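In what follows, chain A forms one complex with chain B and a second complex with chain C.
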Partner chain A sequence: MFAIRPVVANATTRSVGCQHRNYATLKEIQLRLKSVRSIAKITKSMKMIASTKMTRAQKTMEIARTFGSTQTALFTNADTKPTEEGTTLIITVSSDRGLCGGIHSSVSKASRKHVQEKPNSQVVVLGDKAKAQLSRTIRNNIRLSFNQIGKATPTYTEACAIADTILNEKIEFDQAIIVYNYFKSVISYEADTIPVFSESTFSKSGNFDAYEVEDDVLENLHEFALANSIYWGLAEGHASEMASKRSAMENATKNAGEMIDKLTLTYNRGRQAVITSELIDIITGASAI
Partner chain B sequence: MSFAWKAAGISYLKYTQICARAVRNALKEEQRLIAQRRDEQGLKFAKWESGKQGELKPIDSAMGNVSV
Partner chain C sequence: MSFFTKVARTAFNIKARAPARWYATEASASTSGLRLSFVLPHQTIYKGVEVQQVNIAATSGDMGILASHVPSIEQLRPGVVEVIENANATKKFFVSGGFAIINPNSSLDINAVEAFPLEDFSPEAIRANLAEAQRTATSGSSEEERNIAKVEVEVLESLQSALGSK
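After this line comes the complex of A and B, so read on.
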């Protein structure tokens, strides 16, 4: 009897200690499971919203592409070339929203590369996320920043407002480069540029004599070219952002699902261990009586 | 060939926006409501001086931004 009791006592204290640890762990796992499940629900609904926004954005983008590419076709056919010593304005198209993958970094990296090639370029940033990234490295080049961008599919009105504000600021440039994310497919995008040339650069084009132009019209063309190209950049950027957000949320939901599976297994194992140790207690306790 | 709106101090973009607004307001009820949604913009902008951001101001779509 004396030999048995210490063994019982040891077993009890050990299993009581294990019991406490398991219960605490079980509760933690339960809490974690609850929070991961709610996060999975949120990311799943974000993915649904992003995919509906993406289909709408793609339609706008197709239209903007036809308008924008006729604009660039004009410059290509006129054989307009930027001058080496000309000033450049870089317009970075981004948005205010996060949780959309590497959209903002891609466009910020491309803008930074352009500024490295031409250190006295001026930069206009559209969207708070790119503004945050660019203000870390090239804040002295920034002239204007816009926000409230990316809330809805971009309209030509917005593009006109942006172009008008830029022109009103009297920022001189020979060439403007619009840096945006080109929508390659639902799962991929790439940073690309659209050039917009000033009146003087355009009138020095190689093939300028092929066009009948009255001088007064060149200023209007310049304004329209800027607004048109900004609209194209905004539309493509928005479509790329929605596609990237959709795939980012899809990955997040998948990862959350995997975490839920792993946690459920751990929880069940822990629960079974608690039941087993309780059974052992009961059995050893009963055998001591 | 001088343009009347240029002489009045309005840019080409502002001129086309005003004309577009006039056309939208002239549409019939149903189409007008859909078209007027395209006329809204709530953008804000800020001027930057030597690495410092200025105050955020909304873009006034009525008469455009006259630089102060």
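After this line comes the complex of A and C, so read on.
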């Protein structure tokens, strides 16, 4: 008994201090847990939405890819080469929404590289995110920008409207390159380009003489090719974005899960410590009587 | 000496192997029909399929395309694209516009905005829409509206005549 007392007295003072701190941190941990749990719920549902959207976007993208590549096959078959001294129009395809990994910086980086190579090129940006990134460095090159991109699966009408606006703005160019995210697989994408050539550049192409063409058709063809390629870029970019969003959200959910586990462990440990110290209090109290 | 025999043997080997390679290219050449890709933004109708003949309505006139047609770029006008897959299978599509590109390698790429099988159209709906479009074309409020309606009339009239001739 005598031997225990000093120890008990010590333990009580320490446990009081501990108890006080534990109660505060327990409350904090509890709050933290709650917020992390709700974040995990949000990211999880965002992932679900992104994966359903991705399946749809992927279907659209595959068809759009066939459509677009059939279009650009002409330039390959005709052996069209970009002119060295001609002006270039860079169309950066991105979207308005964030939370989807490095989608926007990937296309921005690629566009910036093209501008560095040809400083006099003009830039048209589709989507607010890429616009914000590009206007930091190449603000003077940006001629036009569009927003409200990528809310839903892109439609051909959208692409036509964009192409129409570009043509109506009288932006002169000898070749356009559409910078978009090529959908490699559900977990990877890569910035790539689709070329579109103006009628003058196209009529200079190596194999052009092989084709029988009526003159007035070429201009229409150029406009059509621009719209088609924009559509391809949009569809492909949208699919990549959704895939990337899906994996970003999956990672976020996983991280939140790990955090929840860790916090629950700390919380339980803290609670156990509080219980233990309370028990010690009671027992020592009882034994003191 | 052995060097020469080796060279001779290699030469012979190449010669012996050559027919196999020649056969492979010959095989693809012998089926050199018209390779058709007929694509829409929202649907792929044909993708590199061998067909016998394709009849299109181009701005320069109606034309039938067989294998090894002279390479050309044709703008399509609203009309029927008739795909003759083989002697007893023919499909007719109505396209609103687009481009047909005949490449030197005997492949035909048709990019159209809209295309539907001819039998999917209802004559009543066409008649109703045509009347509506004709009204807008003459008494539309703005120039733009009237022009759009004129295009509509053109498409619908050719659609009607395509259905009539079926």
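Convention: the second predicted complex is superposed on the first by the 276 of 289 C-alpha atoms of A that agree within 3 Å, B and C clash if a C-alpha of one lies under 4 Å from a C-alpha of the other, contacts with A are read in each partner's own complex, and residues count from 1 in each chain.
Going forward, a contact is a pair of C-beta atoms (placed from the backbone, for glycine too) under 8 Å apart; a residue touches a chain by one contact, two chains touch by 3 or more.
Note that the coordinates shown come from a computational prediction; the quantities given were computed from them, not determined experimentally.
**Q** Quick check on the chain A-based superposition: chain B and chain C, clash or fit?
**A** Taken together on chain A, chain C would fit alongside chain B, as the superposition shows.
**Q** After the superposition on A, what does A:Gln148 contact: first (chain B), second (chain C), both or neither?
**A** A:Gln148 contacts chain B only, not chain C.
**Q** On the chain A superposition, what angle, as a multiple of 10 degrees, is formed at chain A by the C-alpha centres of chain B and chain C?
**A** Computed from the C-alpha centres, it is 40 degrees.
**Q** Contacts for A:Glu219 in the overlay, against chain B (first) and chain C (second): which applies, first, second, both or neither?
**A** After superposing on A, A:Glu219 lies in contact with chain B but is clear of chain C.
**Q** Is A:Asp79 contacted by the first partner chain B, the second partner chain C, both or neither?
**A** neither
**Q** Applying the touch criterion given at the start, work out whether A:Glu258 contacts chain B, chain C, both or neither, answering first, second, both or neither.
**A** neither
**Q** What is the contact status of A:Arg139 with respect to chain B (first) and chain C (second): first, second, both, or neither?
**A** Touch status of A:Arg139: first partner only.
**Q** Does chain A have more residues touched by chain B or by chain C?
**A** Between chain B and chain C, the winner on chain A residue contacts is B.
**Q** Could you look at A:Glu190 and tell me whether it touches chain B, chain C, both or neither (first, second, both, neither)?
**A** neither
**Q** With the two complexes superposed on chain A, say which partner A:Glu158 touches: chain B (first), chain C (second), both, or neither.
**A** A:Glu158 sits against chain B, while chain C stays out of touch.
**Q** With the two structures laid over each other on chain A, which partner does A:Glu169 touch: chain B (first), chain C (second), both, or neither?
**A** first
**Q** Check the superposed model and tell me the shortest C-alpha distance between chain B and chain C, rounded to whole Å.
**A** Between chain B and chain C, the minimum C-alpha distance equals 5 Å.
**Q** Following superposition on chain A, which residues of chain A contact chain B and also contact chain C?
**A** After superposing on chain A, chain A residues 155-156, 214, 217, 220, 224 contact both chain B and chain C.
**Q** Help me check something: in the complex, which residues belonging to chain B touch chain A?
**A** Interface residues on the chain B side: 1-3, 6, 11-14, 16-17, 38-48, 50-51, 53, 56, 59, 61, 64-67.
**Q** Quick check: in the complex, which residue numbers of chain A touch chain C?
**A** So the residues of chain A in touch with chain C come to 60, 63-64, 66-67, 70-71, 73-74, 77, 155-156, 159, 207, 210-214, 217-218, 220-221, 224, 228, 231.
**Q** Going by the contact rule set out above, which residues of chain C touch chain A in the complex?
**A** Those in contact with chain A are residues 37, 39-44, 47, 59-60, 70-75, 98-99, 101, 103-105, 109, 111, 113.
**Q** Under the definition above, what is the set of chain A residues touching chain B in their complex?
**A** Listed in rising order, the residues of chain A that touch chain B are 135, 139-140, 142-149, 155-158, 160-165, 167-170, 214, 216-217, 219-220, 223-224, 227.
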